[in-house]
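Heads up, the next two complexes both have chain A, just with different partners, chain B and then chain C.
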Partner chain A sequence: MTETIDRRRLLTSAVVGGASLVGATALGSLAPEAAFGAPDQAVEPGAPDPNFAEGRITGISAGMLFVTGSDMALWRIRITGGTSIWKLRPTTFDTVAVGDGLYARGLRLDDGTLAADSVWVNIVNLHAHIAAIGRNVLHLDHKGRRVVGHLVPGTSAARYNNTPAVSDMSMLRVGKHVQVIGAWVPDTNEVEIATVYASA
Partner chain B sequence: MAAITGEMSWFCCGNSWGPCGTAGHGACGTCNSGSYQHAWPNASAACLEITRPDRCGISLSRRGCGFRHYTTNRCNGKRIGTTIADCGPQTDLWCGERSCCGSVCGTNRIIDLTPAAYSQIASLSSGLSPCSVDIV
Partner chain C sequence: MISWIAPLQPLLLGAVLLWSARLKLLSRHAPAAARRSALAQLLGEQRALPAYRLVGGVEAVLAGFLLAPPALPAEAAAAALLSLGFAGYLAYARLAAPSSSCGCLSATRSPIGWRSFARTGALLAASLLALPATTSWTAVLADRPLPAAAVLLAGAAVLAALSPELDRHWLDQLRQLKVRLTKPLPTGFDVPLDSTVEQLRRSPVYAETAALLTSDLREHWDDDDWRILVYSARHAGGTEVSAVYAVPRLRYQPAAVRLALVDEPTGQVLLTRQSAPDAPLPDWTVPVPAAAGAGG
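Moving on to the complex of A and B:
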């Protein structure tokens, strides 16, 4: 608890003072792998997590994301120098746009803002069947709806059962079940594929 | 129940954006992406008929809506408690699948966590991780 309070004070002073938080701090790294999982679980199983936000971006201003949750909750999410941002790949704040969807994890500050440790922009995790395969595109059936998955050269990778991620998509087959981690293209039925998991 | 090892992933439910917008609140009617919840392959007899972990040689206890499980990310030791809110994953579609971090591996999909829960112990962009699941 003491660490939580101290971390909140650090983040508050950093965002108010405009300081840039980078890498490790005296409280430990703010990188996502260090942020995942507090030693004690403060939130009851089954309950909403106040340190997690979901929704679509309605405004961006001075390092702050204004987000309307899908349940209509309003969020103000502070981006610091220590925030990790993912949008198809690890990226930077300037790639985030109004209209994007997101999930964010961080720490709720006393002013009601969420100081973000990690923000995943437009991320989707689809379980689908391959309906057709084209040049750099997978046509997916996802819960009875068609989703167009774009393969992005240099980024998209495939994992076949227990293999490491590879760029070779040649083992994908029409009719096969796949899991796709990707980035939704807002207001379309299209995603850009980061990783496609397929059974061999 | 002794701890079961396998793979964990995440899924969206409740009100959402994009392709998740049609997800609904899950088999239990309570599922929300922002809550500490999970899908379990044996949440009911009807659920088990779909997920069929037995086809992968796994026997999972029948646990109903609201039951608590504790999931540990075997890559980093982080642990989270969640309650059952949906049926899944469809284990038999992935029989024998294995994911590893270093020498630590998990085989077969045994649990799906909500984004709030998964992101507490792993990065959402990882998609799939080795885990263990117990009830205490």
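Moving on to the complex of A and C:
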């Protein structure tokens, strides 16, 4: 735990600590062409993107996720120190469970594994109508099917009319159209809501 | 008891059928409703609208017979047959085209669920109940106005409760009232992570450096006035580094965002960026057009 705090203190001081600020130009040109030499990986139109995977997790072993795609493709996804994992919020590898769905983007390695840069676990994007509102619960009507959206205090946010997000949900109305980004609870019709987009 | 309830059923049935026929024959939304219904799948796009109008015509004629004075068992039997037909149609639509709309009583999109079946069942029950009727409903209304009105109201209430098309007139209002009274959703204005990420994305520093990032948000924590967001990035030469952004936490000032690229194993700071904090107004506020004209 102290290791995390020390690391965070180091990174914080690197970015906001005035003393440790390095003159940016000391490192040479900052033009995007010079600094950002990452090769772009164009994919042929219509061809599957080799650096993208989706499916449900069938097994987890040290630093590796075994995933069965919706087209029954089998994926091995390598989780590295630089992998961002999202499961309702930016989180760590140990919260990922067998049975979760995921989208992953990264770099396909020669041994067939995908070294993931980003993994989004259970992420869903719904366009729905609010059918009813309960205590920290939105009942959503999604194409005639009922979806239960749970608000997670401290995490769920609302964006009204495209202004920055707030945690105030009180402007949501029954009958209104909303877009919901959230985390599906596997094998149920329930989601935990990360962001709800609405008009006010 | 049944002797005076039975003659009232044709009135209820007739009213529902007339209402339904009005949509199918007179509404200008009828073509759209026909296209959305399962008829389009059953008969093809071309024949959906004529068939829809035909059903409406049958409903209107039957409603006329039901409402007109002589109460004949044949009318009730025809209504029962029509209800059975509706039930069959709903069952077909539920199986063959579950995403189609019912198209029953209103052009409002209403998926076929248990309430549609329950309503058809109620219509069937009313038709069967009307079979033994011998007198006309006008006679019963004249004879015992109050009980008859109560039975009609109860019947209408049951049908309305089973009609998803009418939800927006009463169920949504009731739910909105409940929300206004109980206030079940969290209120308050503390700053969610999403808001900080949004501010970062609108910052000049992010615009310069976004092409470096290879991951989504990896980690975040608060430090006094700042919220620190950590991403993975690929620096020149392809080395994996951490992109550490500091975003103002409690104020909206995208120009104040700072970045440091840190090589975590060595703790070396590879690059820092910040831009002069200007932009007194949030950049999502829309300028008033009149202000530009006033100068000239």
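Here is the rule we use: the second predicted complex is superposed on the first by the 159 of 200 C-alpha atoms of A that agree within 3 Å, B and C clash if a C-alpha of one lies under 4 Å from a C-alpha of the other, contacts with A are read in each partner's own complex, and residues count from 1 in each chain.
Keep in mind that, in the parts below, a residue touches a chain if its C-beta (ideal position, glycine included) is under 8 Å from a C-beta of that chain, and two chains touch if they have at least 3 such contacts.
Keep in mind that what you see is a predicted model, and the values were worked out from it rather than measured.
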item	value
Contacts of A:Ser118 with chain B and chain C, given as first, second, both or neither	both
Contacts of A:Thr195 with chain B and chain C, given as first, second, both or neither	both
First, second, both or neither for A:Leu74, with chain B first and chain C second	neither
Touched partner set for A:Arg135, first chain B, second chain C, both or neither	second
Partner chain in contact with A:Thr83 - chain B first, chain C second, else both or neither	second
Partner chain in contact with A:Ser170 - chain B first, chain C second, else both or neither	second
Touching partner for A:Thr155 - first (chain B), second (chain C), both, neither	second
Touching partner for A:Val98 - first (chain B), second (chain C), both, neither	neither
Which superposed partner A:Asp49 touches (first chain B, second chain C, both, neither)	first
On chain A, the residue positions that both chain B and chain C contact, one per complex	32, 36-38, 86, 118, 120, 143, 145, 162, 194-195
In the complex, chain A residues that touch chain C	7-8, 10-12, 14-16, 20-22, 24, 27, 30, 32, 34-38, 81-86, 89-90, 117-118, 120, 131-137, 143-145, 151, 153, 155-157, 159, 162-170, 172-175, 194-195
Partner chain B, residues of chain A touching it in the complex	32-33, 36-38, 41, 43-49, 52-56, 69-71, 86, 101, 103, 105, 118, 120, 122-127, 142-143, 145, 147, 161-162, 177, 179, 181, 184, 186, 189, 191, 194-195, 197, 199
Contact set on chain C toward chain A in their complex	98-99, 111-113, 168, 172, 175-176, 178-179, 182-195, 198-199, 208-209, 211-212, 214-221, 223, 226, 228, 230-232, 234-238, 240, 242, 244-246, 252, 258-260, 262, 264, 267, 269-273, 284
Residue numbers on chain B that touch chain A, as the complex places them	9-12, 14-22, 30, 32-37, 66, 68, 73, 76, 78-83, 85, 89-90, 93-100, 105, 115-117, 119-125, 127-128
